[in-house]
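Across the two complexes that follow, chain A remains constant while its partner is chain B and subsequently chain C.
Right after this comes the complex of A and B.
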């Protein structure tokens, strides 16, 4: 049997036998080299209670080359692209070692959720949100966990809203009052959310960005 | 393992004047060397890789993971129009009986690959190969529990062990082909990426395990190779020992010679000694202190095997 297949089979079997880690690996199609990793969001973080799915591709020269992983589940985190799920983690790049396994790499992703590295971001906007206002960042990450990862949401806060069940303002990590304020000037709500998000109109930044500046952006 | 081809330089992106960037940050991989890179910002290893790749490009050669033995004069010829200090040092090595070298690919694994090759070759050429193999395999077997003790998962290293052990056993026990290992077979094995890289990885794990089980001996010497900052044992081992293609330095050499119980001499060819002498750094871990050491040739950022023969 080909060495890569032998190794991957052993890893899958090992993961199946290990119930304690909470990590699961499943096939996506017939290929043993395209897999799906599943792990629970770490306790004590905005991702707690969520279930996170990861797309896994085993390259030809595995385990000498790193496994390719990206989030299938949308995650609000400085080191994960909120659009594509791409992950910024050294062991998936130049710090890869063949002694790492699919399971240990998924555990590293789980720890990445515990300890964001905003100085080495994958998603610059999310990283700015994190640095400007950690509390607001955590609310947004918790909300994303609820919407996309089946998390419980923030206790005691009603997150329900009309329509498709997603609150676009909370998704973007903004204050409803700010969005209402500029919408009242006659701008389309979606555009207001987009501009305020890109300007990082949060926390102490709000006092540093003039209304004129926001309007200027809205008029572009 | 082949080094990935350098990606082409990307065009500068225009930043929107008013809005903060909305795209994701570009994925940070290892620093890419482009035509705009300032040479002085590169590490010696990067300079070596650059030299090597330019040379290979110019000569149309794809360097194998490890090469046939070659007269040291071929190396001298490369410096004849360049550095007289290197030429003098090469001549000095020749007078000391080192007439040949065996070159390795400059992929960051060259130290481990050189040691591995010389280590297996030594057993193959032993006066009593059966005894040498028996002893070597026994030492190697004792490393299995050691790797587990430092926390490596057996399934993640046993395949690499099996490759190395079966290569050693093939020195005395005929393989499927009905033949025992000879010089041709040894070179073929080390030129095959799967065999060669499996052995390199196993040696990296041994090196790491040796540092991890004896932290007191190594901790004072663990520094980030580029930043020069002190590092924790675990972090150092993960990033600069276990990770693929990472260069070895004094710490890794000490640890590997210790765990494999080898004597190793490393000749430093650095063009610094104006008298043309070459310094040897000695690692002595063989049970018999007088055992002839394996000899490596170091040039900034790279290791080859040095062969002393008539």
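Right after this comes the complex of A and C.
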């Protein structure tokens, strides 16, 4: 049997037998080389309680070349693209070793959620949010976990959300008062959220960015 | 700059310098620049540069010399010396300094010795930042005794596929999960055991897919680098081509670390050119380091074997990434020109170059055929399509149209917008540049056609193969001149207006005219009784063309040495142009 297939089959079987780690690997279609990884968000982090899905593609030269992984579940994290789910992690690139397995790589992803690395970001806007105001970042990450990964959510954020739908302000990690303030000047709410997020209008930045600067951006 | 100018002192030294270089058949590298300074008496022309072509074994010999030097000084074995040198980018001084400072640090960094006994690493990975620091900073053994111990152990490290390890438990390869009893295993000094099949696939993948010459242990986080002997054993048998590729990668790495060397950019070629005279960036404002590795065609292709004529010699520029000879123009100007050509959209060019306004009545005209002698349908004004000047000024010498005559053309173009004028100026040079490039591309066909003609000639006349070589020579010469001409247009585009430019364009025109005449002769059908006359004509023309080409190249090269050329735009490495010259 083809060595790659034997190895992938064994990895899937190993993962099935190991209930303790909470990590699951499932087939997406008929091919054993296109898989879906599932792991729980790590406890004690904004991702706790969520279930995260990862798209896994096993390349031709696996395990001598790294697997291709990206998040299916939307994640608010400096090293994960908030738009595409692309992941910035050394072992998925040059630090890959053939002894690493799908399971160990998924565990690494789990630990990446525990320890973000904002100095080497995949998503620059999220990384900026993380460095300026960690508390606010965590609220947003918790909210994303709640919306996309089925997490329980936090009290503080759930009160900010306006009932049933997704709260766009909380999604962008902004303060409702700030958005209301600029919306009152006659700008569209969506545009205000967009500009404030881009300018990283959070924490101590709020005092540093003048209102004129925001209005200037809004008028562009 | 001043180093290369011909001062009086240099002049008086000419004889001496010449003698030195004559005696010194070994071609001492350090003399290159000196030699280059006084070019008037030596055989080498001012537009040529001294260089040497090295094949792969020759470069490998240079590498071995460096390795032997390090073995002599540091007292390590050759496999360690090689890995240390590769790690330090072949900088011997820095390597020795670092080794003297702390041998362990560099041995660990180069992947020769393991930082600490292999530990069972947890599969949980932290991010890049954390890992890198632990790798380089904390895991260092600082006792000297352990270093000598590990290095002696390293020398014993070899790929031993035959050796099966007997263990209480049956060995399972952690990569392919194979557990058969006859599984052959191997490991580096770190004792991370894997089956030989996985080693071979891994090493092949690293070399083939990643073009990586530094191959680390497969274990996670283990930084030991496999010695060459280990790699060779792993690739023995079917992996021979990969082993050859590995050696090529090592040579490429060595060449890229040495500013005096450059790898031939032609596909499949493994030669290297050594050209210390062009190694520094500052020298590139005065010389065009056009070099050739000496090889022709694509190695191994049938073309190279059957027709030596069709296979082009591997000319390239030592100083920049342009993979052809761009004499006479210097690298920075050639690069500017290529960038400009790439930036300007082809579509816009086409529209602009196919429609123009009549210089008299401003009607828009599309030229859909015919010659450059245009007569406006509306106002009957006669003008030249290329320069837009009145046709009466062209007379019989329509070749003067190689020059974008700013004076007589001004009146005609005044009416048109300024942007259009500058675009036309650009197109003037571009079209001629592209035309020569196209002709050069077609030269392969011409080669083939010429070979056929040469064969015919032998049949129809009493001339021998040797005697019909004049055709081949003529084609080669014409091709060479077209390359020169092509780049003279790039140069002329950026030359500031003035006498120097006019002289340059005079030389350019003479060469162009001569080349066109030669090309016409070559295209002529061959009649048996006219062969001797044709032969005479072609030979004469070839010599003349060759001389004209020499004049252009020589004069331009001297101009660079004397700092004679002034530009109409900012050029890297040159003085700021005068405000009045800027276009």
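Just so we're on the same page, the second predicted complex is superposed on the first by the 210 of 220 C-alpha atoms of A that agree within 3 Å, B and C clash if a C-alpha of one lies under 4 Å from a C-alpha of the other, contacts with A are read in each partner's own complex, and residues count from 1 in each chain.
Just so we're on the same page, a contact is a pair of C-beta atoms (placed from the backbone, for glycine too) under 8 Å apart; a residue touches a chain by one contact, two chains touch by 3 or more.
On a predicted model such as this, the values are computed, not experimentally measured, just so you know.
Aligning the two structures on chain A places chain B and chain C in clashing positions.
Judged by the touch definition given at the top, the superposed model places A:188 against neither chain B nor chain C.
In the overlay built on the shared chain, the residue A:89 is in contact with chain C alone; chain B does not reach it.
Of the two partner chains, chain B and chain C are each touched by A:104.
Of the two partner chains, chain B and chain C are each touched by A:7.
After overlaying the two complexes on the shared chain, residue contacts for A:31 are found with neither chain B nor chain C. Counting the residues of chain A touched by each of chain B and chain C gives the higher count for B. In the superposition on chain A, contact is made by A:115 with chain C only, not with chain B. Legend: residue contacts after superposition of the two complexes on their common chain; A:61 is shown touching both chain B and chain C. Within the superposed three-chain model, A:208 lies out of touch with both chain B and chain C [touch as defined at top].
Comparing the two complexes, residues 3, 6-7, 10, 61, 63-65, 90, 95, 97-101, 104, 120 of chain A contact chain B in one case and chain C in the other. Interface residues of chain B, counted against chain A in their complex, comprise 1, 18-25, 27-30, 152-153, 155-157, 159-160, 193-194, 197-198, 201, 204-205, 238-239, 242-245.
Interface of chain A with chain C (complex): residues 3, 6-7, 10, 61, 63-65, 79, 89-91, 95, 97-101, 103-104, 107-108, 111-112, 115-117, 119-120.
Of all the residues in chain C, the ones that touch chain A in their complex are 123-131, 174-178, 197-198, 201-202, 205-206, 209, 218-222.
On chain A, the positions that touch chain B within their shared complex are 3, 6-7, 10-11, 14, 61, 63-65, 81, 83-84, 86, 88, 90, 93-101, 104, 120-125, 127-128, 198-200, 216-217, 220.
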